[in-house]
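Here chain A shows up in two complexes: once beside chain B, once beside chain C.
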Partner chain A sequence: MLLYVIRRLVSGLVLAVLVTLITFLLLAPSFDGIVSNRIGIGVTSEAVRALKADMGLDRPVLVQYLDWLSDAVRGDLGVSFFSGEAVGHTVGQHLGVTLSIVVVTLLLTVAVSVTLGVLAASRGGAVDRITQAASLTGHLVPNLLIAIALVYLLAIRLKLLPATGFTPVTEDPAAWARSITIPVIALLVASVAGLTAQVRGTMIDELRKDYVRTLRTRGISTRAVVLRHALRNAAGPALTVLSFEFVALLGGALIVEKVFAIPGFGSYAFDASLQGDVPVIMGITLFAVLLVVTINLAVDLVNGWLNPKARIF
Partner chain B sequence: MSISPRPLQRRSRILTATAAAALLMTAACGGGSDSPDASPSAEKLAIAIQAPPSSFEVTRLDGGQAAYVWASVYDTLLYTDEKGQIQPNAAESYTYSEDRKTLTFKLRAGMAFSSGAPVNAAAAKASLDAVRTTPGLGQSNLASIDSVEAADDLTVVVKLKEPDDSLVPYLAGGSSAIADPAAMKQPDAATNPVASGPYTLDKGATVSGSSYTLKKREDYWNAAAYPFETIQVKVMPDRAAVVNALRAGELNAGSVDSSQVETLKSAGLRIEQIKASSVATLFLADREGDKLEPLGDLKVRQAINMAFDRAKLVQTVLRGTGMPTAQLFNPKGRAYDAALDELYPYDPAAAKKLLAEAGYAQGFEVTMPSFVTTKPLEPVIAQSLADIGVKVTWESVPLQQQFTALGSAKYPMYFGIYGLDHDPLLVDTYTAPGTPTNPFKSADPELTKLIGDADKAGDPAEADEAYKKINQFFVKNAWFAPVMDIGMSWVTAKGITYLGDGSSAAISIRYFGTSD
Partner chain C sequence: MTAETPTGRPDPRRRRSTAHKLLRDPQAVVTAGLLLFIVAMGLLAPLLASHGPNESSLDHIDAGIGTPDYPLGGDHSGRDIWARLLHSINTSVVSALIGASIALIVGVAAGLVGGYYDRARSATEWTFSLVMTFPGLLLLIVLMPLTGGDFRITMAIFGVLLSPGIYRIVRNQVVGVKNELFVDAARVSGLTDRRILARHVLFAVRGPVIIATAFLCGSSIGVQAGLAFLGVGPATVPSFGSMAAEGFQNLYIAPLQVVWPSLVLGTMTASLVLLGNALRDTLEGATRRPSKVAALKAAKASAVDDASSALLVVQDLAIAYPTPSGELNEVVSGVDLRLEAGETLGLVGESGSGKTQTAFAVLGVLPPEAVITRGSIRLDGRELLGLKESELRGLRGRTIAYIPQEPMSNLDPSATVGSQLVEGLRAASGVSRQEARERVLALLARVGIPDPEHTFGSYPHQISGGMAQRVLIAGAVACRPVLLIADEPTTALDVTVQAEILDLLRDLQEEMGMAVLLVTHNFGVVADICDRIAVMRDGRVVETGTSLEIFREARHPYTRMLLDSVLDEETVRTDPPAAASPMAAVAESAGKEK
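Up next, the complex of A and B:
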């Protein structure tokens, strides 16, 4: 297994090099625009050329990329073209903000979805119909609408929670919890709706299988059949959906981050892309690739642990 | 609708444009008659801006709302007051020589940087030299400077290559910010400003890119002009977030979309409406008709000016938060001439007739760049032009390519929203050849003479007269087709007042005061 993990990590690094190279090559034609964007309107093309040279963007593209890569390998991701801040530090800072929201959202998603999905699949009847209706509604109602309604009610009317902003957990855990409550609920609804439907569907499939009937005939309690056997087998696909959800939320939290003025990864990436902040875009790309590789690896490992038949190592 | 305050410097006009368009695009949120908390405290000003400041290096201080942060930390030689007048600041006086080629500043005695080092002529020279020798906007702004000398401890002498009337307004902005020379050389100069302004950046309470906390310096020479002990500048690109934060009492000042004004007014907040802070204009840039032959004909450019029902657009698109205009200058400025707004009344029939006289009875087609910032207004612009026979095809251009696309002279006509500013700076911006605001390098002997007259005028009244004539030149020759001035709505909580009335284009914490 260790060899498998090492192999996956090495292929992840190769992937990171390829993706960052492609990103850099895609950005290269925009360098003139990026320099103009930094220098502003009302200046001549000579001034743009001078700044381009000053920023080192007039060198051959591959030389620039290799410079970036060799610095990145040594842990130096450069500084932002616009703010002058160290990219490694700021990417980590913004990623931390989003992760603190996304991880809480996913943990709650798992808790709520598994409970609802299992109940709906095992009990059927009214519980199932209500769960399905709730899941469909969750899919249909836009996150933004939920966020707006919650802000109005909880922040503006009742003044229980802040309407905007973010407090780091290290600074004040209680204030952190208050600051992420509405964003988490806004993200949670769609997330729960998706995963609940998934868990319900796979659980129904599992509960119809022969091994479940066999277990029941041997006198195993329904509770044990559902939780220890069927759920374990149904967890694989749900975990895969969850990993997609995790990756989607990293970028997808953008709207929620904007509406709540949260300095997260999504809005940071969005702003850097609009500005053409090459070092920041490269740093974000690298972090994102490594994160996705790590998550996929973790999901494969957990899947293998849950279901030996699914082991690919 | 409303718009964020605009910059003193050229670069930030596009930031203003971005802000304006963002406001146009932003959806409204909620309603109600709830009352927000009282302002956090008159001791504290909590204000929202749409984009974070860039680097804190003196060579990189841009305009736009970011100036709420850096202009609170830095002292500039001069500043623009809320009435739009340039006033002494770190320099207690400035004088021009007879030939207007030497500008002498006398610094205030006793000023100190937050590091404790004295502010003197050598420091001012070091900052000015850094700005004018570093590629960037500041270098462009100070291009007319030949040399800077520290004549004595408190006297800075600036020698000009040629008289330049735009220099003093530029020196009332970020181009004349004074940094501690020792700190300028430090590797953390971009994030750790050491300056002599009324506030210092509280790095411990600041989350870069998100929230900036500024603490007042009690030893500041003009502390009385700054009533707030603490300033918190929060970055909120989303206008709905600003409205929510104002209603929840998390902010006590912010500019909002005009659609939100009534809701906020009923929530007990104070509203100050500025009728003009930026101008939405069509650049008829190819005035020789090199790329688009029809534009070389004055009659065609005049016809385009007559295609817009400006008053109706202000009411329908801006909900009244703006003004119809046919000129680029600030209605509260001295170059503005109300009579010029009457020159091109809305008259599609007359416009078609002018086109026919110019030989374009069937109209013509034009491709214009579409930016995310101008998209909301593009349909009404295209429709107005289509009504007189000018068919527009929009070509999408990414925001980061906007200046390159415009500066490359690819587009003979384009639409943009640009911040209002001091008259000399507007003239400088709109006439500088080879820039995104004059890509076809339009020039005219009459205009050159008028600009020269303004540069050499020793008497401000003479300069004002020259700018008035430059304005007339632009309008009569239809170099542009301005459509409307876009205003802004400032919202403040109880205890806070916004002192500006639109006369000044500058961005400053100084424009906020306290009240009962």
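Up next, the complex of A and C:
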């Protein structure tokens, strides 16, 4: 088990190196533009070259990357080209903001989707039709439109909630909850739609399996068979979908963060990208990959616990 | 998952009817029509609008609806909203085409290679799981310095990010199709791998790929709009996203400005999703439908004439399944059975003769779509049809018990053997956890499991089929039922194990004095263990009698035919149950009769 986790972590690190290398190589052609962007218009090419040398961007790309990598290994992600702040610190800060939204969204997604999916699969009839219609609607309407509609309705029309802005949870939990309510709902719609469809589908398949009938013939209640046996068997695939939704949410939060002016990971990445702030972009990429690797590892471990056949320890 | 994999066998008749069905499906026709209409509007944009998308006029800033030449008014920069809307359609269509075609090209090509050539698979698997770890939108953002925000390049990258989904579909289909006989035949007849891939395999995967394409287009359009909303890319490219963003800024002054792009964008993505769903229903058959897990609502028990004291009396039982066209198709039509306490009755017949359906009806565990159209099932004088699930639950395990046919699929794969048995025992008898555990251990020893402690803690996949069947027998007899229904309890087992299991059943029956309803197609088994025999064919009992009578002089020709076949076949069925007759197919689709 320990060996397995170590092996997975090592392969995750390899992945992080690969992804950051690819990102760096892809960014390299635009270094010139970044430099002139920073220095402003109407400067001699002489000055541009001097600044480029000063920033170390004139060296061979691979040398620059290895330089960045060796610093990163030592925990130093450099400083932003533009704000001069330490990248590691600011990325962490913004990631915290986004995670506080994404984690709440995921927890609610699980609660809503499992309830709806199980009810739809085991009851059928009206519950199922409502669930399917709801899940379809979630697929149909782009995230962006839901966010706009919610701001208009809840914040502008009904004035129930703040339209934009963010309060960190450490500052004022109540204000935090209010500030993330609309963003969370906007994100929730799509992720609930996806997971509910998955839970419903696998639950229908599970409930048709032979063991369900056999357990029933032993006098075990339908409820226990559904919740203790079928749901547990259906949980594995659902968890995998959930991990995909997590990754999607990391990026998907971006639009919501922009609409609601939340200083999150996505909008931070967006601004850094617009400016061509290479150290920040690299830091963001690294954090994102490590996060995804961790999530996937966690999902595999939980899957192993759920499904004895997939157990690797 | 048990979903059957589409075989993808070329069937010209099905193809024609697919196009037909699509044309008759209102959802497909309406959504496809709507999309075509929108695309046509986009193509005709220069003719339909009197201004260019970026032409601004100071006189028309925030102009209202119906301003001459500005049907939907002007935006905050004085541009024609109608013209911008039409040109935005083109941006969306181009995004969809680029995103979807890149995803299809990359995904299909890699899927064919990875699925067909085993050696290439680990490389493709690795690559695509790598692609899947990228947070998509974030990557598009991060690479903005590279793309310069050009939506066409961005969409091409997005296409690559979408390709793992297509890759998986194609790879799975190809792996499934590769070993089909028609591909083997093509190989034997000398076709090269490349021709086989192009002609046969590609043909087989077209269905799921067509469906996925609709969704690919939808997400491409959504992502392009999202990025434009954020302000990625030059402002001169008209897009629903940038229109929505401008309208959003202007929300307090002219709320309608955000509505128009949202409306068209929403219509396009919604149509694509709905079209994809319609395609899925038509190409892959109807969607899975759930149904309440509970006792059936049966017709009111009808027969009452028999006042005998037999333990189980089944009279005129008829079970039907709805066909796709809505009619009822009877799989059991008027079965009469009678079983005395302590007696063993063999219910014999071929696959699809309705024996398992009859057994399930007695247990009250018929699949939910089944309909009991008439008849009566009485246990100890009490009518079972029409009982509530909770009332039936009180009988199950304690009074009636069940041994299934296929040992492995009848154990929950993710619960230990012991915990499943303990749960059943506690549900039926209400003993404490500790006592249940001890009784289960004793039972496991009783049914001949060598190391009960070890098996108790094992998962089903860790024990053999013979062991699993013993476990299931232990589970069935745990509460000393009065009636044991055994559905082909030996069919799935090796010949040597079969005899042991039959011996065990006979011993347990003597020990506990149970009545046994033994469902089987095998006269060898019947001769071994049964007092009386009922022969079923096409949903009816054609002959009943004591074993001795039937073996000595069977009256019904069908019984004689079955008896004769025993001599040829010995006692083992080696072929898998085939869904040969239409009736068997119906029962099969109900997923029950084996």
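Just so we're on the same page, the second predicted complex is superposed on the first by the 311 of 313 C-alpha atoms of A that agree within 3 Å, B and C clash if a C-alpha of one lies under 4 Å from a C-alpha of the other, contacts with A are read in each partner's own complex, and residues count from 1 in each chain.
Here is the rule we use: contacts are C-beta pairs under 8 Å (C-beta built on N, C-alpha and C of every residue); 3 or more make two chains touch, one makes a residue touch a chain.
All figures in this text were calculated on a predicted structure; none of them were measured in a lab.
Engineer: Chain A superposed: clash or fit between chain B and chain C?
Structural biologist: Aligned on chain A, chain C clashes with chain B.
Engineer: Determine, under the contact definition given at the top, whether A:Lys159 touches first (chain B), second (chain C), both, or neither.
Structural biologist: So A:Lys159 only meets chain B here.
Engineer: Quick one: is A:Ala120 in contact with chain B, with chain C, with both, or with neither? Answer first, second, both or neither.
Structural biologist: A:Ala120 contacts chain C only, not chain B.
Engineer: Look at A:Tyr268 in the shared chain and tell me whether it touches chain B only, chain C only, both, or neither; answer first, second, both or neither.
Structural biologist: A:Tyr268 sits against chain B, while chain C stays out of touch.
Engineer: Does chain B (first) or chain C (second) touch A:Ala50, or do both, or does neither?
Structural biologist: The answer is first: A:Ala50 touches chain B but not chain C.
Engineer: Mind working out whether A:Asp205 is in touch with chain B, chain C, both or neither, as first, second, both or neither?
Structural biologist: The second partner, chain C, only.
Engineer: Looking at A:Arg178 after the superposition, I want to know if it touches chain B, chain C, both of them or none. Which is it: first, second, both, neither?
Structural biologist: It touches nothing on chain B or chain C.
Engineer: Which partner chains sit in contact with A:Gly33 here, chain B, chain C, both or neither? Use first/second/both/neither.
Structural biologist: both
Engineer: Going by the touch definition up top, name the partner, chain B or chain C, that contacts more of chain A.
Structural biologist: C
Engineer: What is the contact status of A:Gly276 with respect to chain B (first) and chain C (second): first, second, both, or neither?
Structural biologist: A:Gly276 contacts both chain B and chain C.
Engineer: Following superposition on the C-alpha atoms of chain A, which segment of chain B from the set 258-266, 348-356 or 402-410 overlaps chain C?
Structural biologist: Of the candidate stretches of chain B, chain C runs into 258-266.
Engineer: Of the residues on chain A, which ones does chain B touch that chain C also touches?
Structural biologist: 30, 33-34, 148, 152, 156, 258-259, 274, 276
Engineer: Looking at the complex, which residues from chain A come into contact with chain B?
Structural biologist: That would be residues 30, 32-34, 36-45, 47-48, 50-51, 53-54, 79, 82-85, 90, 93-94, 148, 151-152, 155-157, 159, 162-166, 258-261, 263, 267-268, 271, 274-276 of chain A.
Engineer: Could you pull out which chain C residues touch chain A in their complex?
Structural biologist: Its residues touching chain A are 1-3, 130, 132-139, 141-146, 222, 225-226, 229-230, 241, 244, 248, 251-252, 255, 258, 262, 265-266, 269-270, 273-274, 277, 288-294, 360, 363, 365, 367-368, 389, 393-398, 400-402, 404, 406, 409-415, 420, 423-425, 427-428, 459, 461-462, 472, 475-476, 478-479, 591.
Engineer: In the complex, go through chain A and note every residue touching chain C.
Structural biologist: Within the complex, chain A touches chain C at residues 15, 18-19, 23, 26-27, 29-30, 33-34, 120-125, 128, 136, 139-145, 148, 152, 156, 200-205, 207-222, 224-226, 228-229, 232-233, 237, 244, 247-248, 250-252, 254-255, 258-259, 266, 269-270, 273-274, 276, 281, 284-285, 288-289, 292-293, 296, 306-309.
Engineer: Name, in rising order, each residue of chain B that touches chain A in their complex.
Structural biologist: 9-14, 29-30, 32, 34, 36-37, 48, 51-57, 60, 62, 134-137, 139-140, 189-191, 207-211, 234-238, 240-241, 244-245, 247-250, 398-407, 428-429, 432-437
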